[in-house]
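Right, I'll just put the structure down here and ask away after.
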Amino acid sequence: MPEIGGSDLFVLEFGDILHYYSPYTLTLFLLALIFTGLAILSRPEGQVDIAFGGDAYYAKETAVSEMRFRRFMTIACGLATMGAMGSGDIFNFTLFASLVGITNVGIVAAVKSRHVLDAAYEYGIVAMVATLPLFGGAALILATTGTLSIPALAAGAIAVPPVGKALLALGVIGEGMAPFYAAKAEMFRAPGAPYVIMCSLSSLLIFLRVVEIAITI
Amino acid sequence: MLGEFLHILAAATISWILFVTVDILFRLPEAGGVSGASAVARDIEAGGGALAGGTMMGNIVCSPDASAGTLLAACGVYVAGIPGGLAAALMVFIGNRICHDPGYAGTTGAVLATFVVYAFTQVGFAATDFIAGMVIAILTIQGLSHTHASRLLARLWRIRQ
Amino acid sequence: MIVALQVAFGLVALLGAVSTALTRDSYGKVISLGILVAGIVPFIVDRGYLDVAITVSLIAPVVTIFVLMAVRRAEA
Amino acid sequence: MIEYLVFAAAFGLLLLGLHRKVIARVQMRPGPPVWQEILHALKFSFKSTWIPKTASAALYVGVVLVGIGIWSAALFIVLAGESILILFAIYMLHKVVEHGFGLSSGSPYGKFGGVRSVISAASEIPLFVTIAAIYLFTGSLLLRDITAYQAVHGPFLLIAPPVAIAMYLVILSKLPYGPFSIVESKELVSGYKTEHFGVWRAGISVIDGLKTFVLLYAFVAIFVGAVPFWAALVIMAVILVSLSFVCAITPMLSPFDSVTIQGLITGLMLAYVGYLWWVMP
Amino acid sequence: MNAVFVLGLAILVIGVLSVAFVRPKTYVARLINLEIPAWGLLLVMLAYDEALALLTFVAVTAISTFVIVRLMEWRDASC
Amino acid sequence: MIPDYSIGLLVAFASAGVAFFALMRETDGLHRLLLTDLIEVVTLAFIALVGTDLAEALILPGLVVGVSELIALSEIYRVKEGYVRPPAAGLRIEVMESAPGILAAILVVYGIVLSGFSGGAVAGLGVIFYFLCRDHSERFELIETASGYSWVFWIVAFFVFMLLPQYWFFAVMLAGSAILVKVLAKMSLIGTMRGGPNA
Amino acid sequence: MLIITRISRFVSNFQNLVALFAGACIIISLAGILSLPLGFEEQQLYPKTLDPASSLYPYDRGGVPFGTTEVVVQYPENSPYAGYVTAYLTPLSQYLADHTHYLGTTIVAHPGGIIDEILYNTRGLDTVVETSILFAAFAIASYLYRREAK
Amino acid sequence: MIALYLVAAIAVFAAIRVVIERNTGRKLPYANVMNFAVAGTLVLLLDHPLSLVAAAAYFVGSTLEANAVASTYAGGVKR
């Protein structure tokens, strides 16, 4: 197994699905943990808006039920991200990635603003459509190599078709990443910083992870 | 080969008589059991058929009637003899309830057909002959010419009246 | 299954699929969908999955009723 | 350990001061003194400090600590010769930290700074292309393996110049006053930094210093190879001056144009790596 | 390459084309056409003897049809 | 036993291309939702082509992911478009009075026999069908709570498998029934989410 | 410069996001078609063995109830009881298996079969995540629904 | 065996008739013939008591479907 993220620190076994942590993935895991902790601890900020036509400004307040729901989604998203960081199985990783996608949608969908909801819907469509490259890539890799375990794929001299990797990467991008940030930027305008920030963090983290996977296998 | 063919034709005739009789006795051409049956009847009439015959055809479409009973009873006899036929009758009964059919034409037809088919299997017919025969029989009613079939059924219905 | 039967029911299924795709009328589509199912169920039975065939043929009308709700709305 | 951190932060801030000075001189202004950024950091440390009423308190404070934490980690990773993948991951996560700064206060200026920082995520993608290209050559991503490879084959700057250019652009997009610095554009006051003052602002200064130092040092380590420490510092300063010239003479792009250009660069880099992958045995 | 597999693929392709380029471009037409690729996929699963997956797939397709129909009902009630 | 994989893959890729092409051209929200459903089907085709027991075990999660995202998205769409007036009963036909009782009973009983996901989906469909055709006034929160607890039970079962494998039998039973209840509850709630008094 | 501005205008509108992603997927699909044929690896995990004569068809994987069955898993050492579930039949499924021949799917779907083995035991984490996805999606839907209903 | 061929042929014939018929109300009787034929085929294909259940389920299901289509076509129940 090529050491691109440092050597394995420890391995967790769940039957056929391994979770392993190298310095690289452990770093990402810890970050997800820290931000989840921050989301639990902090209350949402009061977003200041300027009332046009005067000097007045006011701070938006987030309703308690909305806050609780979004915090729940954020925690779920954090957990999913942590899972995706350690997962040593491609299909399991794709599932975690979809969980990240759906919770990201959930975090912003609770906002009562037509504009934000529009963006959330568009992003939700992408997140849902992205399951094709994700699962398709995983299935392609399974069919051509006969295994889904990342350590096994990395160890053996098995050729993983580049299309499989590309599908996987595209899928993760669809679940929430860079060139597709245009819609997410709309989502980020939503109030509730601790929760919104988890959207960007989780999509960055799963993207970082898929880069590692694509290079490793 | 030819013998089997003749058997099927004979079975078709027998099932035809059986299910048409039972259906007419149970007053199927009188009125549509559900609104769908009336709609089918209306369309058949619009195509040049007779309303009473169309109603009966609509009722056949919309709920398992004696023809379905005959078919399933033949199937039942084919797989399991008399108990199979009675089980088929039970299923037709359930089907009638599912399809919002107030009558008992299907169940009666199935029970009758069970014994008829069983009797004929004792004299050299195979139950499969009755399955194919019943399909042919329904084909003559529902599948060849709606106009003529509905007029024929309407004529039979007038006799019953 | 015998080749001739495979051809026959394959034809039925294909016919159903094509006519569902091409028919413009919603009711026509739904009926054609019924033909498609009629072509497929014999294949399931032929493989010996009777339990699957029973369930599939019971679920098919449920789907149709769902679809009909939408059809009714659309034309009303 | 701590002395490395202090040195790196101070040297990074010095480089940033140099940056401002060079830009000012190119634009024929006198400019601030070179140690202005260090003075800033010290000044803010002694100013009064509290948390705005609208802010989300834990996040508001937490991101500062997280920012310092990740860049300290990055420094030690570079110094210890660990995987550059971690380094670049931290670099990308800096985005999230900026976002946190911007959003946590509730101020509209900070919010827009944070949103822009998120939009410009495309600037990081060339990094991964860089990583992939390097991996094609060395078969490893540990910094010590990369320096060892360069000791044998010569610096990467000469082996694969386009990759070096890509990384150069990435550093450029992180420097203030550059064409891609949409996050700190003047219509946003101070961008995501607007609402952090006092000790928090001093923390941001430390983060900036560390960031500049780590990125330039990593550039030297990856593309030039093993050189004595003083030589590395000199090369870093030279690179920075060249960057300052670029910053001084280019206008700032509009946010989405900046993203598009970065995306196009990524596309070119992908093509280059595809070509490398094709020709490599 | 058995017949069920080929038939399934053919129906899948017909279905995908018919949903993608649906002729009367209405929601209902697309909803009905959506069933065609589902049945094609069912045949593909049948070709690989994935009976349990097939069974679940049919049920879940029905549920997702219902979800969409329900959405269309709300839409009609409010418009 | 395995038909030619590459041909299947060709068809799957071509279908994916066509589906995405349609999605690219489409601008209407609801049409897009319908096309995502199509893409779910193509996704499953990719997995089904592998053709092992594992593939089958992967189809089930794929299915559940697809339908759950569809549920969430449809609800977001509804809220976003502001469709707030609950629909009145639209379709009134005779079979909707007679069929639900029997069909739903068959489906639910069969679903309970199946257990697991498949059972949950089948039984859930039966319950949806019943609620669709009949008036309903059940306790929304109660079902949700049941579903939440059964989810916890499944997690417990999973850890029994991993930590105390010798009690696998207990775990299988727990997992099978917990998932049944969970999926059943979720699906039946969809049936009740149609507006009305106690919803 | 003009072309860049046009691209940025396209990208900046989030209504075009789906189109953008779909375009990327089309490109990858074409790449996939071009990279055909791909070889199918015959050495698969959990392979199928079909025995039409068995009453558990198509899920008969052999083995003895409460005993071992050969199941090809990735890490046999991590699931010492792999294969036990496969051969297990509850009284109901035993009855069905004894009396009929065509109910294999029902019997195996009933707790204790190869799919349960994979879903709950060796790849149980998949199922955990997957139920969580359902949970999360449903939480979103019901939250939105109930907020509107109030 | 000849019965099986005959039934299958009738199924194909009926399917073609359904497709070429334009009027919805007159399509249904043809579909009914096809359902009869398919239900018969199911039993003839597999001689087992359960296939009787399968045939009955299929038949009842398709009849229910036809009923629903026809009733909706008629405009449902007037109250």
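General remarks:
Labels A, B, C, D, E, F, G and H are assigned to the chains in the order they are written; within every chain, residues are numbered from 1.
The criterion applied here is as follows: contacts are C-beta pairs under 8 Å (C-beta built on N, C-alpha and C of every residue); 3 or more make two chains touch, one makes a residue touch a chain.
On a predicted model such as this, the values are computed, not experimentally measured, just so you know.
Steps from subunit D to subunit H, minimised over paths through touching chains, total 2.
In this structure, the chain pairs E-G and B-H differ in their number of contacting C-beta pairs, and the larger number is found at B-H.
With centres taken as mean Cα positions, subunit E sits 11 Å from subunit C.
Chain centres here are Cα averages; for subunit B and subunit D they lie 83 Å apart. Centre-to-centre separation of subunit C and subunit D, using mean CA positions: 61 Å. Residue positions 15, 17, 27, 31, 48-49, 51-52, 55, 59, 62, 66, 68, 72-73, 76 of subunit E each touch two or more of the other chains.
Touching of two or more other chains is recorded for residues 259, 263 of subunit D.
For subunit B, the set of residues touching two or more other chains reads 34-36, 94, 98-100.
The part of subunit A that touches subunit G in the complex is made up of residues 13-18, 65, 69, 72-73, 76, 80, 83, 89, 91-92, 95-96, 98-99, 102-103, 105-106, 109-110, 118-119, 122-123, 125-126, 129-130, 132-133, 140, 142-149, 152, 161-163, 166-167, 170, 173-174, 179-180, 182-183, 185-186.
Subunit A contributes residues 13-15, 91, 95, 98, 101-102, 105-106, 109, 114, 117-118, 120-121, 124-125, 127-129, 131-132, 135-136, 138-140, 142-143, 148 to its touches with subunit F in the complex. Subunit E makes touch with subunit C in their complex at residues 3-4, 7, 10-11, 14-15, 17-18, 23-24, 26-29, 31-33, 35-36, 39-40, 42-43, 46, 49, 51, 54-55, 58-59, 61-62, 65-66, 68-69, 72-73, 76.
By the touch criterion stated above, subunit G contacts subunit A in their complex at residues 11-18, 20-22, 24-25, 28, 31-32, 35, 38-45, 73-75, 78-79, 82, 121-126, 129-130, 132-133, 136-137, 139-140, 143-144, 147. By the touch rule above, subunit B contacts subunit F in their complex via residues 34-36, 94, 97-100.
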